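Next come the structures, one after another.
Next come two complexes, and both contain subunit A; in the first it sits with subunit B, in the second with subunit C.
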Partner chain A sequence: MGPLTVAIKSIFRRLGQEIVVPPPTSHRTISLGARYAPELVCMPFKVTLGNMIEGLERGADTVAMATSHGNCRLGFYWPAQEIILKDLGFQFEMIPINYDRPLEFVGEFRRFGGGKGWKDVLPAFMFGIRKLLALEELEVLCMETRPRERESGLTTRLFRKWQAAVDNAPDSSTLKQVRQQARKGFLEARAESREPVARIRIVGEAYMMAEPNVNFHLQQKLGDMGVETERSYWLGKSVVRAIRLDRKGRREHEKAIRDATPYMRYPDLCTGCQSIGETIQAVRRNFDGVILIMPFTCMPEVLAQSVMHRVSEDHGIPVLPLPIDEHSDEGGISTRLEAFVDLIVRRKQLKSREALAGTGAAHSARAFGRGPTTTERLGAG
Partner chain B sequence: MDVFLGIDVGSVSTNLAVLNDNLEVIYDKYLRTSGRPIDAVQRAISPLAGVLPQGSGVVAAGATGSARRLAGELVGADIVKNEITAHSVAAIHLAPDVHTVIEIGGQDSKIIIIRNQVAVDFAMNTICAAGTGSFLDQQANRLTVPIEEFGELALASESPVRIAGRCTVFAESDMIHKQQMGHRVEDIVAGLCQALVRNYLGNVAKGKEILPPVVFQGGVAANAGIRKALAEELRTDIIVPDKFGVMGAVGAALLAHEWRSETGARSRFRGFAIGDVAYRTTSLQCNECPNLCEVIEVLMNGSKIAGWGDRCGRYQTEKKEVPACEECVTTPSSS
Partner chain C sequence: MARIGIPRALLYHRYHLLWETFFRGLEEEVMVSPPTNKGILELGVQHSLTDICLPVKLACGHVAAIASKVDYLFLPRVLSVEKDAYTCPKIVAFPDMVRLNIPGIPKILDPVIDLRKKVVSHERQLREVAETLGKSHLLKKASREALRAQSNWFEAEPEAKKEASFLFKEVGSASWRGLRIALLGHPYNLFDSFINFNLREKLASMGIEILTLKHLEPSSIEEEAACLDYPPYWTAAKELLAGARLFFRSDLVDGIVYLIAFECGPDALLKVLIDSESKKSPHVAYMSLVLDEHTGEAGVETRVEAFLDAIARRKRTSRVTVAGVR
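And now, the complex of A and B:
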């Protein structure tokens, strides 16, 4: 994951350690992972395994892997990966990073930080988190700017530029400046006359959402079609939430789970619940559609997918489930996305036409649920 | 006379439809793609000059199908749209009160749910191609029944056998088993049709509210056996449009008409002579950055007319360089 790599790199660099950055996820990474992973395990397992192999090939001696308890098979991933890699003959130490227990994993940084004390580790950690948040803000700016960009490709270029600037920022004050300049730069890249054709919220499994090389650059694709996107999951936010610093985010998260309870009887057992709740939130926040992204065979999201058509019907919002694995083809994904965007745009046009004509209001309310019409949102009519 | 052209280049067939001002189909053509989309497009377009009424001029062209991008560049399409939109537009044009569109093509099958003349939901087969035209083709081959007679044969059956329809591989072994048991060919064929329909309704159409009127289109709609099995399973009448095989192309032509009435712009259509032009594509793996994109470039008489497959836009314009930006970081950071 791009932003995480930058953050971890910054933490260890501050602690005076050398860090091997595995090459970005590519075809090779995915096929390496798929070759050594069990067939029916999910895509994130295969990709991270491929990343580990590529990192170990470059001489890494320690591997850090995220884990958590509950929710899905993720908790079993690091031990399974450790066994697979040791069977392949690699010599290394595995550190599980359990993000449900933040103090524990900051402690791990201390252990591998070359004997530095808490006094050094904590600020290094906080600075890493700041970088993570800065990079994620850049992504948000991209998602807002791309459908409005002045010339095609400008957003991507700006992102590369500011990503490098964040990566190189040596201290907090530089980072703050970089963030301010980036905001300004992105604002200037917008064309006055262009408005997004639709707004789509992306919900679902976190890894697939966050890794563009695995999700076929979903955000960029939608942006190029003129769609403004929003993502429900951000790593930085969830870390901040785990260390109890983001009370608003925590409340929102709890609210999403409460919203999902009519559809899921045992909400605590399932992260898929969150996707359902976030879909319902998207209706309230005037999104035109929701994409549910998940790895094929993902247990929690498959549960969510199976009730999604009811959620979609009850709340009048189109939902596109997008299961992806290493056999998915880009053409099929693009066709589905294009068709989904067309569907949303045509629906919006019809709604605004009906609202203007003042006819068929009852009709459309039944067919399309409760979302406000375009004209209402624009304050016209 | 102003005419609108639509072309649909799919995995199995390449279809073409020409609409007049009143949006009536005045000419249509169904060809096999045979794995050579460029050739198929040329074969479809070149005879047009001879068959269209005197004085017809193409004022807008649309392309759809899995090779829509390529086809769009070859013919100079003004609008390039996905098959789902094209099929729903065509079905709505034909039957304004349609509520469900079932489309089964060569390699994929879709369902489109329409309410108030707007597509509100759709699904396509994922991961698995069971229950599509190619499967029927293969099994017809195995039974040495010409695919054109397959449907009629199914209608002759009195007691269709039950064939496992979850997966084509298992369907095939089950079918062989039934053959070896001594079942009659027509019963097996009818069983296959039912298995295909069950598979479609259980996978692609799962969880969708299928309300009549139901329009059935795509190449497989030619098969009377499938039509009957579908009508029985859904307990409703199935409408099969006259031009069921070229509905994608009709949709593309309608979208072209829509484009024309919205913009009023001049068409990019290259004319009917493209059959004589040498088109070639080259593919390469770009090594400029770690994305390692697989890039396709289309050459017309040796000069590049289009390129795609890259993420950065480097190949999408005719000029090779990325637009200049002095602050732009040329080497992506190690992320």
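And now, the complex of A and C:
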């Protein structure tokens, strides 16, 4: 169950509504989606179509689908999906949810609220968002802990445990406690002696980044290779940003877009530029490499990819573009990831040897201080 | 007098009259890249990303073919040509792709054309270009002439390739003669004879009447677009969908062939809508044809042949049935 499902479930539970949770994305989901979707469409379309079919099979009568007002395909997912599903004989109401538009977004929830007013909907919504943020923090903790874990598999066990706790938390104060305990638990799971072999930032298309079941558990795979990862996109953050509660996030986002200007002269016209800006930020923040995850044929990310080699050269950071579709195989992806990690680890060693010869002391001091700092940042958040 | 290079690709196929007339009005020399050929495709493949759509790949090839011969490249960033609608994001970012991926690029003229929020006169859109060229004094006149020329686009005959090679069995079957087929697709898929293996010319030379969106009244396309259940926000897709519906509903054609470039973002979704329209009008035959750089001419012809044969057969049977009823 993904973070979004937990959050939405919580919102509806509070509003006293029933909701059909589609089974987690599986091979069946993807192959169902791929069977009924047009062959050439991007992968998130196929997966969400599969999710919808599985939800409708379980008796759902309303389908809510994210949409946007940008110029890529997302805004046109729902009409195409509605047509395909109705052709398959399903009867339901399709509700597009535009989360670029804050009030509309909350308003849509009001429609489902069974006649409840803003006074009930707003707190339910905010609580859902809090759960979403809590779950995403758990993921961040995993990304930091896995390469340092005391025994193998500990991170995954902890994640399951705390995920269930978040899901069950009935109110904000319980949720707060759960978050604190989880932080402590994850910190204790680290082995003093283990340091990550490298740090990688994951940028690219949001859906592929956030769905472990379609990105072949990218974060976990890298973590098991001893790599600490960070993601540029979090749903919770982007919602909070959209409802204008996250000033800092907004500024960071705008900065990323400005940073991309040398590569895309009118970056606000092309969404892919965000990945470019985020790659440049990764250099500033001392990451050793960047993975650009994208669905095969994704329009904005293909644009990013087509200038990324220049970004990588100019800023001296290795970038691995990772296009994925339903034909991608896990073995192939793993091999590419391993080769990439090898490359950046070797590159890093070479660099630190050079640094040792010169200003070695300062360098290693900074590397040493990194672990605790990241945890502090989370503690505050 | 400066020499302005324009790649014969992407929106050129829709706005060639506008652009060429404009630069002539500024008293500049216009150099359009030659019609697509194998060499241009190879250049395009060499200078672009593997995963990008074929039309953009070809456009890169066209740019590379003329880059060293011109003083300026005209690559307008056409973001939007009407209120609340877009063109494809790849078209907007095309100048960047060119700049960063193709060596030896001259100065690029890339005015932003964005009519999403409000209408900007053609003159205003291109003021920057005229200023760069030091031709501001000619801007007004050039703009007026360009717009007048473009208004004839619907009537203008697209240039046809002369020497069409034929692989079609026995150079077409006699039963195909007189069939009316609509070709649907982005202008750069329809009017670039290389990308579609001369389909338009070949069919026409076999006595098949070819219709495109150009044969529909522009105003009727607009009207139809206004009453779509799900209006696409890409202008080209919206026109295609509206045009498709007009063709499906009317008696203008016996069949519709929808040409899609592999890896085209908007078309991948538009296909769902056009497929669904076709189900509502079973009396019009319909097929979609995906084109990429690996598509073989023979493969395309085989599929089109089967399609035409099926239509011809159906027409014959329906004539027989009608006769039988009588």
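Throughout what follows, the second predicted complex is superposed on the first by the 354 of 381 C-alpha atoms of A that agree within 3 Å, B and C clash if a C-alpha of one lies under 4 Å from a C-alpha of the other, contacts with A are read in each partner's own complex, and residues count from 1 in each chain.
Quick note on the criterion: a contact is a pair of C-beta atoms (placed from the backbone, for glycine too) under 8 Å apart; a residue touches a chain by one contact, two chains touch by 3 or more.
The structure displayed is predicted, hence computed values, not measured ones.
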Which of subunit B and subunit C A:Pro323 touches, first, second, both or neither: both
First, second, both or neither for A:Leu343, with subunit B first and subunit C second: first
Partner chain in contact with A:Arg160 - subunit B first, subunit C second, else both or neither: first
Contacts of A:Phe296 with subunit B and subunit C, given as first, second, both or neither: both
First (subunit B), second (subunit C), both or neither touched by A:Pro38: second
Partner chain(s) touched by A:Thr335 [first = subunit B, second = subunit C, both, neither]: first
Dominant toucher of subunit A (residue count), subunit B or subunit C: B
Residues on subunit A lying within both footprints (that of subunit B and that of subunit C): 296, 306, 323
Residue ranges of subunit B touching subunit A (in the complex, touch as defined): 66, 81-85, 115-122, 124, 126-127, 207-208, 290-292, 311-313, 322-323, 325, 327-329, 332-335
For the subunit A and subunit B complex, residues of the former touching the latter: 2-3, 5-6, 21, 23-24, 26-27, 151-153, 156-157, 160-161, 163-164, 167, 213, 217, 220, 296, 306, 309, 312, 318, 323, 325, 327, 331-332, 334-336, 338-340, 342-343, 346-347, 350, 360, 363-364, 367-368
Contact footprint of subunit A on subunit C as seen in their complex: 48-49, 51-52, 77, 79, 86-90, 92-93, 95-97, 100-101, 110, 112, 114, 229-230, 232-234, 260, 262-269, 271-273, 275-276, 279, 290
List of subunit A residues in touch with subunit C within their complex: 38-42, 45, 69, 71-73, 75-77, 79-80, 83-84, 87, 263-266, 269-272, 296-297, 299-300, 302-303, 305-307, 310, 323
